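Here come two complexes built around subunit A, the first alongside subunit B, the second alongside subunit C.
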Partner chain A sequence: MAVRRNNFCGSPEHAIDRRGFLGGVAAGAAGLAGLGVLAEPAVAAEMKKQQKRCILLWLAGGASQLETWDPKPGVETGGPFSAIPTSVPGVHISELMPKMAQRMKHTCLIRSLNTRNGDHNSGAQIMIRGRRDEPNLKYPDLGAVLARELGRADSQVPDYVAFYFATEGRGSAPGSAGFLGSRYAPMELYKSMMPENIVRHKDVSDGDHKDRAELRDLLSKQFARGRVSPTLASHNEAYQRVRGLMASDKLFDVTREPQTMRDLYGPTQFGEQVLVARRLIEAGVPFVRVSRAWWDSHGQNFETHQEMVPELDHVMAALLDDLGQRGLLEHTLIITLAEFGRTPQINPSLGRDHFASAWSCSLSGCGIKGGAVWGKSDQTGNRVVDGEIGAAQLFATIYSALGINPQKHYYVGSRPVPLTDPGTKPIKAVLA
Partner chain B sequence: MAANPEKLKVVSQLSRRDILFGIARVPGTARVFLASSDAGVYVADLSQPKPDFKEIGKHKSYVTSVVLAGSSVVSGGYDGRLCWWDTQKLTQVRALDAHKKWIRKLAVSPDGRALASVADDMVCRLWDAASGKLLNELRGHTEKTPHHFSSMLYACAFSPNGKHLATGDKTGHIVVWETATGRQVTTLEAPVMYTWDPVQRVHSIGGIRSLAFSGDGALLAVGGMGKVGNIDHLEAKARVEVFDWQNGKRTAEFPGDKFTGLVERLEFHPKGDWLLAAGGAMDGFLMFLDLKAKKALKQEKVQTHVHDVALNEDRDTIYAACHGRVGVFSLKG
Partner chain C sequence: MLMGGNNRGRSLNDYLTRALKENRPWDRIFRDLVLPDENDPAKKGAGEFLRSRIMDLDRLTAEVSVVFFGVNVSCAQCHDHPKVDDWKQDHFYGMKAFFSRTFDNGGFLAEREYGEVRFKTTKGQEKLAKMMFLSGRAVDDPAGTRKPSGEEQRKEREQLEAAKRKRQPPPAPKFSARAKLVETALQPGQGDFFARAIVNRMWHRVFGHGLVMPLDQMHSANEPSHPELLQWLARDLVEHHYDLRRLVRGLVLSKAYSRSSRYPTGPAPRPDLFAVARVRPLTPMQLATSLRLATTDPSSLPASLKLEEFEKRIEQTENSARGFARDFEQPGDDFQVSVTEALLFSNSERMQRDVLADGGDRLVGRLKQIQETKVLVDVAMRNVLSRAATEEEQRLLGDYLKRRADRRVEACRQVVWALLTGSEFRFNY
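Let's look at the complex of A and B:
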């Protein structure tokens, strides 16, 4: 398996690609200590203008569309919560989300996902990759694709960071660079807000560390001589970024934020992780995934959503406000997504079960038409009656919102592989 | 003939499309009022082979509790409202915006004069059951759990002499109040009934779902479920703890051995013969517990989750409000 790493999509307009350009700008201004690249006003302004980013709020286990984006009050399947009007006339969401209701001008809703897979594992894989793997082809997930498309070639910060502290469900949708190779694999944080093993060992001096890196580089070059291997190249690129990544520990330190900012996001683990996600995005990390488990409410669905949706509402609203005040919202796409939604039918444990036939997600910020609503489910929420889409169209829409051609090709060996399945069209009605 | 749990049998089970959360029986009859997930309050005569379920009025959301108070039945719901209905004319007498959040449970003092309501605003309000006048507000449950999420106040019950009232919340905290003054008499804890999962899912489940004083008022029974491994489901064993509440001692624990799920309703036999615990998960259960022997006398599966029960004067007939069903059970020997 091979990736034609150097020609990107092959299109003439990418002969000088944006990543290279921005990388040069950033490299000139930043230096290693320049994880604070935004401290340089000119650079910051340029990056704010051009670099797009994405935060995926992964609602692991499957949040209920009926208790979030597509409420059905007053019907048998609707549950006890009411719907409230939003700042966009005619658009109502669950009463559990009053803060997002006030910020609907930044958000578009998709209420017509039919992804035909109600299994945690395979459903999650589809919804983080946009399609199923093939027997001989493992696709990169959204984060890996965006790391490649939006990251800078010489970036000194990670390109793809994933928080997933919960244990259950983590194995359902692990971050995966697929055929793109380890250069685009996620930095995954499972236990600590701070990446493990990011700090130089106390017994190794800085000089020793540099010497070791140079030796590894020398040996690697000798090994690579006469060999053509994208995998090897990707591996080496990952090593070349070690020094920068080691210096990025400050980005993960939430205590560096003023208390007022920490209060804005709230004291919960999810709130703190999303605040760190904003710090990472601001420093140039193109993709951060924050997984908030666990929404798999087979029992006590309403208690679960009463606990968790207000937290989502609060943290999401804080994030939108914070990004907006920093001038980053129009360049940052925030996605709420899960492996599926939940059944309209309420079971005897007052739970809702897995349901992929008519569910919802949201896109906020970059590249979308705020306040737009795409698709419609029927009165009981059991099926899509208008605008049905699957994972491929959703991913085409996400790529388009971020300025990426969803039909762009990668190459695996000589095989062209489009970002989304051939012929897949984005939902233009929700794109800015 | 005395009620005998060993003789428990199903008399009838009537299917419905809604979820029935509460039931109140008119004394001396099989006429019951029901609280429904379709926002309706219903009346039905369960002595009939095919009862007619007549809707007498509506809330704006799930109706979660109904109690009889004199000539009225009072309903409370997730809309935060209390509604009084004339039990004969079946008309609304009054309606109040009683709480800012979901009303979970109502209780009436044995003399019928005081009505207690508990809700997720974490306040227990005492009302004059006849006039609807607010008598007191009892605040002793924190609004947030130790993990920064909104707590819930699920259960309340009066003592047999009406002098005390117990309330229980999501975190397993129980307060016993002096009804006349609103003074906190004591607090109790049942922490096993609250599961906080800090690792797998970072959210909570459980809580005190039912309370009942014994006939002599000396004991307070507390119902819920034990610690949950997979909190996506109600998979923990149904659990009952009994306190000598005046001395702050836990005198009995029934950790459950047969059924999983929440104990939604507790009812002492007036003479202390047994303690009935009803509830469920996907299935329901009726458990009769022997407090002296500290073991279950009888445990019977019910086809679906039981949310509430009402017993007749002889305690030999049980009327059950269930998920999609009304059940009638006999204990006659």
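Let's look at the complex of A and C:
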């Protein structure tokens, strides 16, 4: 597989090759080390402006659109919760989300997803890769593509971090670099807030750890003399990133945040992980996925959502506020997404089942038109009546919001593979 | 490639190991896999190839075409190939028709004498797929669109149930579509798909770069770098009854194979010129086994060991490496080493306490007993990299050890670590 680099997305603002630009900056600015701490304020500002990032809040198991973004109060299957007005006139969301209701100017809603797949595994794969794998082609997921498009080749921080502490549904949508290869595979956190092998083994002193790495480097340089191979180069690059990544352990340490900040996000596991996600993207990590499970409410749908939606509402609002105060919101896209939504029909266990024909997601922050609502489901929410889209258009919209041309091609061997299926158009109406 | 990347196929693995050991010709292996005789204990395990794939006919069709014929027709599943005139929807569904009558019957493969594949063309017309090999050669189907009568179906069901009860393979059909595929693919003049594909694959295996790249794109719009050579090797293979050992011997005794991976002056020539050997990453099993072997005290594997005992020890080593191998990624053509691997080598408990352990039969255990630094460095180099240390390396590693005289064991560990994590160890060069 040869991935040809063409970072030009067609717009005049992006006519400079982004990696080339950053590479030049990196070579020139001696202070560009460690955690994105920059010696040169002008350079820092420019870089900050250029780098876009993304946080995906993955609602594993399938959150209900009816109890979140597309309530249908008053109809027989509408459930017990009402709809409340938001700060955007005419837009109503579930009463379980009062905080987000006040922040709708940063968020757009898509209420017309028809993704035709109500199975946890294949549904999750489609929603995380934007399409189905082919027999002989494994597609990279959103995180891997963004790691490649938005990350830096020599980055000292991870490119793609994924939290998924729950066991339910974790196997459904594992992070996957697909044909992009393991360089863009996620750093996955399943059990501990600290990534695996990022902390030095206690039997090796810091000095020895550093010295033996230098020894390794010297020996490998001798070997590399006269040998040209991208794979060989990647081996040395991987080792050169080790010390930097180890220094990023602080980013994963939530106790380094002031108590007021921790209080803002709340004491829940989800809240803490989203706070760490903010620490990571602030330091230059281009993509973080935080999974919150388990929304699969086949029974007791309303109790489940009464418990989980307010937490989502609270944490999401905290994240938007925090990013806004740091000047990062306009450069950070926040996505709330699941593998599917839930049926309008209420089953005998007072649950809602899997439903992929008319459901919702939200995009906030970078590149989107806040307050916009795209698409419409019918009165009961059983089908889409306006603006139906699938995973491909959603992904095209996400890429566009982040300044990436959704029709940009990768090459797998000689085969051109566009980022989204050929001819897919983003939803212009929700883009800034 | 035949295992399809899963670990379930232990029996298939056993079959392949046996077949390669006795140098079974490639055309016979192909026949065993596509047309397994599940009554024959000598071919036990071969049926696993189809059985593990039969639930997904599209995937089976695509994989058989890739693995045995070097072509990827999966694009032609939905549309005629946009750039390659060779591949039409007829090819994909033509190949699929050879397999569509096959199914799993209680853990054994069964095949019907009837059954059809229909597909929608891009223009929306429904079309009946003719059994057709990739060369375009169609096979006459005696059943055609005939449907069995109710009586015939009832009889068939009874036969299948009886076979299930007896835990036996059901009777073979009088007309087997799969047998026709094998027959057609091996006929002279069928475009040499079969012979050229395995030659290209073996060449890729040995040189790290195929004569045609990628391996699954052997078609008229993607010429080989050395067409005459590919043709000659394919012809030689057919003339010598698909003898893979002869093929591999020819490749590894070639001048091209003996070339260095180093190109000291000027920019390196293109890989498809084979003027310089390719640096290739070890596979997960190779890497894990090498790690184990390289950190074993050399004196525990003396030259006096009997061959049988030696082979047993190597097998044990391979088995003990299997777990670690799962932590590494299978390298593809443009593989990039992940930082996860570098972190694993740098900081894991497994590396520090297991691979670099200083127990009795371990390398570090041996090194810590060697007083003279020069000897120590030499034992370490020979064990890990199978060569003597250069003067420069002697100096470099010697200095490193000397500076850590107060913690000699740790120093030994670190030197071995630097050798194990070095590119020379990680790559086949």
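Going forward, the second predicted complex is superposed on the first by the 361 of 432 C-alpha atoms of A that agree within 3 Å, B and C clash if a C-alpha of one lies under 4 Å from a C-alpha of the other, contacts with A are read in each partner's own complex, and residues count from 1 in each chain.
Simple rule for what comes next: a residue touches a chain if its C-beta (ideal position, glycine included) is under 8 Å from a C-beta of that chain, and two chains touch if they have at least 3 such contacts.
Quick caveat: nothing in here was measured; it's all calculated off a predicted structure.
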Which of subunit B and subunit C A:201 touches, first, second, both or neither: second
Touching partner for A:211 - first (subunit B), second (subunit C), both, neither: second
Partner with the higher number of touched subunit A residues, subunit C or subunit B: C
Which superposed partner A:121 touches (first subunit B, second subunit C, both, neither): neither
First, second, both or neither for A:181, with subunit B first and subunit C second: second
Which superposed partner A:82 touches (first subunit B, second subunit C, both, neither): first
Subunit C-contacting residues of subunit A that also contact subunit B: none
Of subunit B, residues touching subunit A in the complex: 17-19, 37-39, 60-62, 78, 102, 120, 147-150, 152, 199-205, 230-235, 261, 280-284, 304-305, 323-324
Of all residues in subunit A, those that touch subunit C in their complex: 1-3, 134-137, 158, 179, 181-183, 185, 187, 195-201, 203-204, 208-209, 211-213, 215-216, 218-220, 222-232, 234-239, 241-242, 245-246, 413-415
Subunit A-touching residues of subunit C, taken from the complex the two chains share: 56, 58-59, 62-63, 66, 72, 74-75, 213-214, 216-217, 222, 261-264, 267-268, 278-281, 329, 331-344, 346-349, 351-353, 392-393, 396-397, 400, 404, 410, 414-415, 417-419, 421-424, 426-427, 429
Footprint of subunit B on subunit A - complex, ascending: 61, 74, 76, 80-82, 165-168, 266-270, 292-294, 296-300, 303-304, 306-308, 310-311, 346-351
